[in-house]
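Below are structures written as structure tokens.
Each of the two complexes below includes chain A, the first together with chain B, the second together with chain C.
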Partner chain A sequence: MTIQGVNFDFGILGPISVLVITGLVVLLVDLVGRAVPRVVLYGIGVAGCAGAFIALAPLYGRSATTVNGAFATDRFSWGFSAVLIFTLAVTLLLSSLRNADDGNSPASYAALLIFCTIGGLIMAGATTLIGIFLGIEELSLALYVLAGTGYPRPASEEAALKYVLLGSLASGFLIYGSALLYGSAGSVSLSALSAAASSLPLLFVIGFGLLLVGLAFKLALSPFHLWTPDVYEGSPIAITAYMTVAVKAATFAVLARFVYTVFGHDSVALVPLWLLAIFSMLVGSFGALRQRNLKRLLAYSSIAQAGFMVVALSGVGEYGLSSLLFYLVAYALMNLGAFAVIAMLGDGDEAYADIDAYRALFYRRPWVAVALTLFLFSLAGIPGTAGFYGKVLLLEQGFAGGPWGIALALALIAGSIVSIYVYFQVVWAMFVPQEGEQPVTAGNSWLTWVPVAVGVAGVVALGVIPQVFVSIVSSSM
Partner chain B sequence: MIALFWICALVAIASGIWTISSRQPVHSVVGLIVNFAALAVLFLTLNADFLAMMQIIIYAGAILVLFLFVIALLTIGAQPIEQGPGRLAFQAAPSVVAGLAALLVMSAGLRVAWSQSASAPVLDLGSVATFGQQLLTTHVFAFEVTAFILLIAIVGVILMAGRKELRF
Partner chain C sequence: MADFFLGAVPLILLFPLVGAATIALFGPYVQRSASAFIGCLSIGLSFLLTVGTSFVIFPLSPAQQTLYTHSKFVGYWAHLPPDLIIGFRLLIDPLSLLWMLIITGVGLLIHVYSVSYMASDKNYRTFFAYMNLFVFTMLLLVMADNFLWLLVGWGGVGLASYLLIGFYYDRPVAVLAARKALIMNVIGDVGIMLAMFLMYAHVGSVSYQNVFGHVATIGTSALTWIGVWLLLGAVAKSAQLPLQTWLPDAMEGPTPVSALIHAATMVTAGVYLIARAHPIYDNAPAAAELVAVVGGVTALFAATIGCVQYDIKRVLAYSTMSQIGYMMLAVGAGAFAAGAFHFMTHAFFKALLFMSAGIVIHALGGEQDIRKMGGLATRLPFAYWTFLVGAVAIAGIFPFAGFFSKDAIIDAVLKLHHPYLFVFTVVAAGLTAFYMFRLVFLTFLTGAYRGDHEVHAETERTMTVPVAILAVLSLIGGWIVLPHHDELSFLLRSTFADAPFPQSMADFNGWLSFGVLLIALAGIAFAWVAYQWRPQIAAALHRSLGGVHALLTNAYYFDTIYHWLFEWPVLALAQWLRDAFEVDAVDALPALALRAGAYFGSLSNRWETGYLRRYGLTFVVGAALLLFIYLFVAHGATAGAAP
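Up next is the complex of A and B:
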């Protein structure tokens, strides 16, 4: 459809449109009805996720743009969008637990989560610097508020403040870098930037450097990770789960599109990215060693995991994108699963954030302990799980990616060895019998069993028959 | 035209220094208003009519008035800042270093822009008509998304302000 010289393809904009409508419906239902229970509001959100999936499905393997080329569906956007919508559904389920924080306003909370995901979808599909920046802002603005919904817990307010201050600084880097990139190419579209990327004028290099700093902030790549542990620990548990997966998925979509569209080949300008990744893998893995709080431990682990994912891009190889997407799917399943277990045990509360609470868990809640063990094994990369095959794919990219790729692959191996010890500490605590009084475990809502079961099934399936998923992922491109 | 540029540039720099060096927050706001006005004139010399108008209406008009409200609300009965210990003393050196780095980046950018002997700006690029045309055709996606971001800000404020107990 063309209106006033602008072509609109509502098929491509479908997932976004469905989620926009869902968010507005949630707000309106709360406005019209009196004291609507939050399960209903979050249920509408989950239904919206299903609708968005249905709208996304026909776009599989398609490559097209709309709104005068500003928004696209292609190999960079489809898989990442699917991960984002899945993450939203899981987060809404976790948020519906009895003790879950939602700032006393479930409708605004659910609407913000949905709008946040729309920001992620825009990031995944935007083909211009303006679109990317607006998507990042949309995602971040909603998350700043959501991080503080654990009010009146002081840690949550601290998380919101830290996140908004450092996030705004990162946005400053992003917008300034984008301005310089625009100056170097004379256009805001990424495809026009590739001409500048081949000759690497000074303006482009500085602009890309600043843009990279901004993206590294959002990805929590070290040394721009300092906000991560505090923000992840302070935010309500469902929001932490969302941040660890959704922000990474959306930002990696941007990074991958940038690396493949603008550069398209290995370039000197990408060396800072490889250095950031190596640094993150080491800092994240070693930082997790001393953590006694499971949310904090997973925060450090997510720093390392972000570094792992960058390895997929090393050498800018042909199969880099599908390796990245496979690992991202595996990461989403195992990380959301682990957070779902924490949320389930505390019934949405923070009670089960401390590792000591997991002592001898196997003898009280065997199935929960087994599920958490599986997720942690997968995060560590034990054979037979999704994480293992994901890391194999990443290593394959790394070793094929020239000297920097080999350095990245070696850092990946080192980081993984350290992180095995980190995750085994938790598993050990769960399986060693403990004498005396044991804390009571609350919570057994079937709502959280859904993400846990999906996570277990996904982690096992991706670990045992990975080829099926690799072919699904690669033919979406 | 050159004289106008130099006058405005000097006013912008001087008012910028005044903004960050004055002890009273209200003085800083006044300094910022002068700075924005000088910037608006600079935009005008670059044929960016629309940007100049927005600079005055949105920044100097709306945002700085908001600043004044916030300062008026937050400093009721508060001690002047200089009476407390210098809590930002440690930040002085890093911020000077960061500022110099930013200056380097900017001068590098300027040097490149200069050396390219860029073609003169298109005359009607910044006019209201061209801007509106571009906004609603080429950049209509960004336009719609921006509208949505404002909605998010409103919902976020409602979420934060609607808490059971409100405190400052």
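Up next is the complex of A and C:
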């Protein structure tokens, strides 16, 4: 279908269209109905996710563009889009818990979450600087508000304010960098940029550097990570879970597209990215060591994990993208699983953010403790779990990726060693028996058991028969 | 029907695993007898499927007899780019089928036997879970189609063996024996890993097909090293010199465990490995020669020790070691079918001997010292007659199974020109007959009962029926290979088609067989003279050959030598390190690492003040640094490189 000279292929734009309609339906139902229970609203959202998946399925393995070449479905977008939609569904489930924060306005909360994901999908598919910037802004603006839905909890307001102020700063870098890139290449499309990348004119280098700062902020790569612990700690649990996975998935789609289409193998322009990654792995792992708040701990862990994922790109190799995607899927399963356990125990509130609440959990809620242990083992990279095989794939890319790849791989190993202590102190707390009166943990909603069960099954399956999933991931490209 | 059995092959492997997991997870919630039932049922189902598969595979033409099960999803388990591909397929061919038949068949009999043998044990359920786990890992070992999964099974049987030797974990001796077995087996595991590294370096793969397809291009020296490292694994698992000392100690485990793991199946894994890897040894004669020498020397070595032991199970353990020596000698010399044949018959009569001995031990309330037995033939007639069948079979008396299989090996050794080893085997054959009948006379005959335990009658049907079945098999099991009619090497022909020597055992050397039979009879006669007719002869021999007797009783002092050569220095070093080094370095390092980690952590946390101005400043400074790097590294490099 062509409107004013712009062609639209609603097959390729299918998942986005489904989600747009879902978001509007949620708002309309709330407007028309009286005091619609939020489970209904979020249920519509989850149904929309299922619809988006159905729309995404036929695009598997396809490579095509639409909107006059500005939006694509290809190896950079499919897997990342699937992770984004999955994360949205899990977040909606976690948000439906009894005590979950949603700013007393469930319809706008759900709609914002859905529009936020649409921003992520645009980032994954955009092939021009303008499209990328639009996607990032849509994602970010929605998240600024969502971070503050814990109102009137002061921490949540603080999180929203910090996020919006620093986020605007990052957006400034992003738009300035994009402008310079456009100036040096004379085009906003990434394929045109790759011509300029071969000779690296000064304008291009500065432009990419500024753009990289903006992306690094989104990925929470150190030293642009300082907002992360405060924002992750202050935001409602479901939103924190969403931020750790969805923002990473969308931004990595952009970064991978840049690395693979604009730069070739061994480009010096990527050296700062490697440095940021190495720095992040160390800062994230060490920073998590002394955290007593599980959300803050997982915030630092996500800084390190973002660094780990960069290792997949280090060689710009044939299997780099599939390794990145495999690790991202593993990360989505284990991280969302861990957050689902936190949310489950407190029925959505913050009671189980503190590590002390997990003391002797195994003797009160054995299955929950075992599930959380499995997720933490996977995050630490213990064999038999998804995280282990994911790290194997990352290291494989690193060691094949020249000197910088080897440096990244070594940092990955160092970061993993430190992070074992980080994750195991939680496991330790859960399994050491405790004398005296035990607090009762009632939270047991099936809404959280679904993501926990999916996470457990996925983490084990990806760890035990990895090649089945590597094949699925590779064939999507 | 054929399609059904071929499709069900993965289930053979799966049933014991499911059985073990079911008993482990749900055992505490069900009756004790239910655990035993699940344990027997899973092995029984595997056995039925194995038999069905055999009827499908064996009649096929040689070219069709090798079957790989294909995964539904992908052809391999893991693919690490660029070129490490690890497959997971099951390999069904006549060789693995023979082993699977024995593992599941004899395994089933021993599981049934255990139902009443272990009935009074407090860890009854655990026992069946471990036994099923063992059968699973052993099947994995023989069904793997590459060395990696073989090693997984190899390590798995080591684990199961460790758990079962130490099954009576409240006895310190049993725990020490389990530890010793594990350590020695791990030495072997390392050997197989080194062999795999070499294969990967030279072929880029560890699958049987690829490695065996490239033996001609690897080069003799590398191939010899692969063979030697594989032999190290085989020697450890099969209790051959010089890693043999764990097997006698392993008799601390329950008797069914000794029968299944430390006689019939696991300890023959070394023989399987050499037979499976025969293309390597065919092209590395030096390594093959080493296998033969190790086997031949162990056969004689262990037989001599068996002559003086007083623990009924230890005698059987040394005889196992000696018989596996025969098998190793056969496969080392190139007579693979003869080795597999002896594996089969040995599984029958050695399991029989252990289980008959188990009836005796059970009846005497745990007594194992043959000096405290005697005259039991009238009180335990079933155990006596079945044990006698086993003893006759292992001694190699016509027409029992051992006669045919041992003769096939001795015949092959002579034919393949190993004159010294031939002499070893003949002497060992005489000694075998002697020590087995020494055992028979001291346990069941020779005067009155000397022990102080009350003798309970043998009644349980679940114990006697499996023993009776094995007794029959010990009689007729050898008839599969008769003069001019060798069924077994015909069945195995596709596996050993490319072996350099003819595998058929149909060509009997009548005079040789007769001679060996006479030597065995002489051994029995000597045992009768020394222990039944004139016991003072044995006493006189003890007195006049005291030094030799002490040497043999202490198994050539191998344990003592290893203690002073390896254990003592390591422990002394450890003690010294503990006293001198641990406090200053070992304890200090983690503390230092902890402090350093905490310091770095606090550094990164203290930067996290919560003040936006600090965050913004860091952000901008970081961006400036990044651009600085760009201008000096990225742009500088290209500008400098530009002409």
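We take it that the second predicted complex is superposed on the first by the 476 of 477 C-alpha atoms of A that agree within 3 Å, B and C clash if a C-alpha of one lies under 4 Å from a C-alpha of the other, contacts with A are read in each partner's own complex, and residues count from 1 in each chain.
As a convention for this text, a contact is a pair of C-beta atoms (placed from the backbone, for glycine too) under 8 Å apart; a residue touches a chain by one contact, two chains touch by 3 or more.
The shown structure was predicted, so the numbers you read here are calculated from the model rather than taken from an experiment.
By the touch criterion stated above, A:Ser314 is placed in contact with neither chain B nor chain C. Of the two partner chains, chain B is the only one that A:Asn68 touches; chain C does not reach it. In the superposition on chain A, contact is made by A:Leu112 with chain B only, not with chain C. Contacts of A:Ile206 after superposition: both chain B and chain C are touched.
When the shared chain is aligned, no partner comes close enough to touch A:Asn335: not chain B, not chain C.
In the superposed model, C is the one of chain B and chain C that contacts more residues of chain A. Of the two partner chains, chain C is the only one touched by A:Val468; chain B is not. Overlap of the chain B and chain C contact sets on chain A: residues 202, 206, 210.
On the chain B side of its complex with chain A, the touching residues are 105, 108-109, 111-113, 136-142, 145-146, 148-149, 151-153, 155-156, 158-160, 162-165.
Across the complex, chain C meets chain A through its residues 73-74, 76-82, 597-598, 600-605, 607-608, 610, 612, 614-616, 618-623, 626-627, 629-631, 633-635, 637-638. Listed in rising order, the residues of chain A touching chain C in the complex are 162, 165-166, 169-170, 173, 199-200, 202, 205-206, 208-210, 212-213, 217, 223-224, 226-227, 229-230, 268-269, 271-272, 275-276, 282-283, 286-291, 317-319, 389, 392-393, 396-397, 400, 418, 421, 465-468, 470-471. Contacts from chain A toward chain B in the complex involve residues 4-6, 20, 27, 67-68, 70-71, 103-105, 108-109, 111-112, 115, 118, 122, 126, 128, 130-131, 134-135, 137-138, 141-142, 144-145, 148-149, 151-152, 180, 183-184, 201-203, 206, 210.
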